[in-house]
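For clarity, chains are labelled A, B, C and D in written order, and residue numbers in each chain start from 1.
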Amino acid sequence: MTVVNGYEQSDNEKKLDILNLPALEDEAKKIIPTGGYGYIFGGSEDDWTLKQNTLAFEHAQIVPKALSDIEKPDLSTNVFGIDLKTPVMMAPTAAQGLAHAQGEDDTARGVAAVGGLMAQSTYSSTSIADTAAAGNGAPQFFQLYMSKDWSFNESLLDEAKKAGVKAIILTVDATVDGYREQDIINNFQFPIPMANLTKFSEGDGKGKGIADIYASAAQKIGPDDVRRIAEYTDLPVIVKGVQSPEDAMRAIGAGAAGIYVSNHGGRQLNGGPASFDVLESIAKAVNHQVPIIFDSGVRRGSHVFKALAAGADLVAFGRPVIYGLALGGAQGVQSVFEHIDHELEIIMQLAGTKTIEDVKHAPLLHIHYND
Amino acid sequence: MTVVNGYEQSDNEKKLDILNLPALEDEAKKIIPTGGYGYIFGGSEDDWTLKQNTLAFEHAQIVPKALSDIEKPDLSTNVFGIDLKTPVMMAPTAAQGLAHAQGEDDTARGVAAVGGLMAQSTYSSTSIADTAAAGNGAPQFFQLYMSKDWSFNESLLDEAKKAGVKAIILTVDATVDGYREQDIINNFQFPIPMANLTKFSEGDGKGKGIADIYASAAQKIGPDDVRRIAEYTDLPVIVKGVQSPEDAMRAIGAGAAGIYVSNHGGRQLNGGPASFDVLESIAKAVNHQVPIIFDSGVRRGSHVFKALAAGADLVAFGRPVIYGLALGGAQGVQSVFEHIDHELEIIMQLAGTKTIEDVKHAPLLHIHYND
Amino acid sequence: MTVVNGYEQSDNEKKLDILNLPALEDEAKKIIPTGGYGYIFGGSEDDWTLKQNTLAFEHAQIVPKALSDIEKPDLSTNVFGIDLKTPVMMAPTAAQGLAHAQGEDDTARGVAAVGGLMAQSTYSSTSIADTAAAGNGAPQFFQLYMSKDWSFNESLLDEAKKAGVKAIILTVDATVDGYREQDIINNFQFPIPMANLTKFSEGDGKGKGIADIYASAAQKIGPDDVRRIAEYTDLPVIVKGVQSPEDAMRAIGAGAAGIYVSNHGGRQLNGGPASFDVLESIAKAVNHQVPIIFDSGVRRGSHVFKALAAGADLVAFGRPVIYGLALGGAQGVQSVFEHIDHELEIIMQLAGTKTIEDVKHAPLLHIHYND
Amino acid sequence: MTVVNGYEQSDNEKKLDILNLPALEDEAKKIIPTGGYGYIFGGSEDDWTLKQNTLAFEHAQIVPKALSDIEKPDLSTNVFGIDLKTPVMMAPTAAQGLAHAQGEDDTARGVAAVGGLMAQSTYSSTSIADTAAAGNGAPQFFQLYMSKDWSFNESLLDEAKKAGVKAIILTVDATVDGYREQDIINNFQFPIPMANLTKFSEGDGKGKGIADIYASAAQKIGPDDVRRIAEYTDLPVIVKGVQSPEDAMRAIGAGAAGIYVSNHGGRQLNGGPASFDVLESIAKAVNHQVPIIFDSGVRRGSHVFKALAAGADLVAFGRPVIYGLALGGAQGVQSVFEHIDHELEIIMQLAGTKTIEDVKHAPLLHIHYND
């Protein structure tokens, strides 16, 4: 264990024996300090949207398909021109030092080991360059929380581009922090510095609450910002935090190269729909003009299948990976991806889908169940 | 603590550290005597409508909106020609002396401090004039429980007009008291006099049950009563207790200057719909002919947003304010309003709505969730 | 207490202080012996239909109506040419000696005291003549479980007619006994004789299980039986146990003078719909050709209101009356009726309905709630 | 008790006193060793589909029918040209030695005693010939898990045909094993040999996990396999594991003589619909071209009725029979069938259906209930 500013970071490095990802949460809770755990797992207000995010996958059902003459499903895919061994990617997730001393570096190692895609967060505990190096050539994206200070944005984008990231994910759904009760209950202050913030005039994020951090971020974000970032970086810009066809069209109109359907894991607007429940209408509007990434609530291989069948090209998740990181470092992250891939592979076989492209064309039922 | 007729009234005066309003109820329960608390929080019969009032907000979902180029949402609004700093108003609520020794006077002070709107109840523990004075020039409405004795109604209206109230709220959904089991269980009698009833021939309300109080009230109320009160006072008359488009149209036809959609917080007709579930159809029928006030079940900023988006111009609540009153007097009331405004402001930012007018035009989804 | 064949019968005679009827069940459970209580409250199989019977009232909501200019609602009605002071009647219910030493005689006294309508069961603990006499001139119906032995049927009908009953209720939904698990768990045998069965060759019902009792009853019942009974008695025949428009039409075609919508309180076909959920479609088909009686699940004044608004002319209930009988004899029965009438009167006032005829024309909403 | 490889097998032989089949599960849990019990009752992933399989029967309601002039319902039927005394058959279920020392032989005896239909599983603890002999001339089917080794398939089919089975059930929904968490939790290995696997080159199944067993099975199954088996055996081939009209049509196009609607009791694709919820659409598509067998979730007589009314010609179940086998051997199996037949007979009488053909034409309602 590593103790930083009185905060006990895990330094586990081991493969995990995973029954399922929900069970992993209970294990992780035992080793992540209360404040950090509350920050990671909590949603906003009474967690209604957070809870529905996962329950909403029950709103669609996979149609088993037999006599399909298929075997050995293939999980590889190509999105944004990048070859991936799995359609499941690491969502950009802040402050992974709360879970593990190696933070995002270990996450990058674990994701690379499974041939997946890693997204770094602006609020990473580690620096862009270090985490890119830890990924050892595996594809990475960089997520930007836009600062009010445009020169700071440019310095981050410069560093990301230099580190070789393939795309910029611009988060647009966090122009103010959601009302996160766990952080209030725990009076949570970040004990671990955020490496990228050392260039901020205001400091490095250590000892600040989430509201302080957001205070430096831009509240006012619009289509022009998408254009400006795309022009500045000449990298594809993916707009993250889309929950309606209207927003997707506005983003594409502003030059977005990808749409990231997410409600920030239920951490922002509580009382909005489950992210999965709006995916189909957005995918219909986007109509394959650009790829769609989906996150919020994904815990099972069947969830990944349903999201792909409902219109996603990539499916991201964050919390379960962080739990794996806490429990096993880079190998723990790898175990989490291997587990969800294993569940997905079984579902693909039983649904008669040999490729991710097949999954994207698989039918879903919408029978109403009570729980 | 102040003890009146053996009843222990809080005399707290302090700002409150509020996590959320549902949590406030638990705190308030500890300091309000059982009978008073039962009277305040209880509904009718088995509380089904009471419970659905709050759950019904889950029947609509807010659409997060990004790339909206907005920041610093503005909660101010103008309704009935009155400038308000918040669209959240204090519902007319009886017998606040049950919660605090200063009763409605402290509520009026707290509401004034946030630039909100206060509605006095006929059954106030304090007098119209005193509470108006406590409000110190802030806008107030007066709610009338019509008496069988018309001269008594006139004397109340006279006093209200003299005190400068901006409108009369005529409650029409309480022509008999709902079957309130908490009051029966507690054999509840009002221990605190109701100041406005000292002019009743029957007494001041002290030591009477709710059924006794209502016995003096008119059971027979119709459109002519709306007209009569409007003519007598020459003030806008808002009809409170509307739950159907038909009633709204009947009220407007009788000269109502406003419609107050409410089911009396689930205290009257149990087995009727949640108040929020009928709001949209009423707003459609009213079609902006007069402003709409909404109450029943509001506990979150997201509820306020949803009610405004569904057609309300003002959103009222009562119980949470009473809990704040018990816990902190005028400052407690102020804390409650500041808290719900804070939640609302976050939602407004995340829904891309800069003004209350924007909120009124925001879309709502109606996805069915199981809980 | 009266002990018969080792079975302890209540002999309470007192007014009851009733909070609500569901709470009465808990009280009654304490004084009715286990076997008897299980027989009374239990349904069939896993009680799904029994449970839905009451929950289904949440499938419709009453529309509060204000500005209606009404007061003092009038619960009196006239059905089958009989003047009644309440639209709530006593359902035919077997073996009331299980609950009280005076059995149906006390029930008849209590019902008469409120100006209501009493239905005697074939399987009464008391005789037709005695119970009719106890009713002291108040209106009564006689319910027939048709025997395979037609001469027995005739003797019962003769006795009923002689006793002055106004109509015959022919139960058609019990051609075999439902699978009642409570009776199996308790290995229940009737400890109290059934007075009307003393004329059976097989005995008086004492010491028999429910299956034995039914074994003497006719399994094969058809339209011709309705005709035969109507012709034999020259009394109106009401067909009880109707759950579909088709059955209602078949009954009317066979000369039924009334339709009794009931699923036997969830004691027969488990897995069928809640009785309330089929009422509207049946009422539409019947289209006022004959009156409709409704039962199954009624526990609240709001339930009575909803059933009348959905098409019933009379609303019956059984179990709550039996509980009142156990706890207070004739006065207990009276208290139960007075209580539900009190709840109904409040609902009528708040729904702006002055008469039972108004209630029958009141609108219902059908918003879907989760619980 | 018989102990094999340290595994304690029941050797009970007695009639059972059954209250209902869900209650039987609790009893069986006490005597079946943990690993075996987990294998039998468990589903895949979080058991969502498993749970919905039974709850889904609440999605349809039986219409009680009175005045039907019927009595003594007749449960006999003829399907695939076979006369049966009950429409409830034994589903093919693996490794019944986990529940009882006599395994499938006792099951066959019990099924024969009620005049039902027995389906043997490829993975039986007993041999095809022995179990056929135990059935003593009663009709049996043989279920095939297709091996990658076609000569092995032929040897099994030869043996089955020699043993006189009337049809081959080809399971097509298990081309990979579902993600069964109970088996992982228990680290379950089969302690009892599977008699038919002794011809496998890989061994007899003893000491292997479910994944090992499946590894020998064919993953790639298509329409040609149906044709090949039908041609090879000249027996009717029933395709088991159909959950969509498309699969049913594909199977019939390939020569299937019957469609077996099943989701493998929730043991395979979790996140798919409840089996009952897809039955009607499949039956509509099949349109009586071939008979339909249904299983997954059946626990009550009312479930059997609903499945028949929704389009099934035969209704199968497995787990409850295995529990009866554990508790009472052949007589226990007989008791289970007698019990569900008893429940079914009551439902048939109360629904006014005299024959299984009547049941197949009975209407179902589809009212939405919350639980």
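The criterion applied here is as follows: a residue touches a chain if its C-beta (ideal position, glycine included) is under 8 Å from a C-beta of that chain, and two chains touch if they have at least 3 such contacts.
Every value quoted in this text rests on a predicted model; they were computed, and no experiment measured them.
Visitor: Spell out the chains that contact chain A while also contacting chain B.
Guide: none
Visitor: Under the touch criterion given at the top, what is the topological distance in steps from chain B to chain D?
Guide: 2
Visitor: Tell me the rotation angle, 0 to 180 degrees, that brings the C-alpha atoms of chain A onto chain D, to the nearest 5.
Guide: Resulting rotation angle: about 90 degrees.
Visitor: What whole-Å value do you get for the distance between chain B and chain C if each is reduced to the mean of its CA atoms?
Guide: The computed centroid separation for chain B versus chain C comes out at 42 Å.
Visitor: Would you mind pulling out the distance in Å between where the CA atoms of chain A average out and where those of chain C do?
Guide: 60
Visitor: Return the residues of chain A touching two or more other chains; collapse runs of consecutive numbers into ranges.
Guide: Correct list: 368-371.
Visitor: Chain C touches which residues of chain D in the complex?
Guide: Residues 19-20, 22, 57-58, 61-72, 300-303, 305-306, 342-343, 345-347, 349-351, 365, 367-371.
Visitor: Under the definition above, what is the set of chain B residues touching chain C in their complex?
Guide: That would be residues 45-46, 48, 52, 55, 172-173, 175-179, 181, 184-185, 219-226, 239, 241-244, 246-247, 250-251, 254, 263, 268-274, 277-278, 368-371 of chain B.
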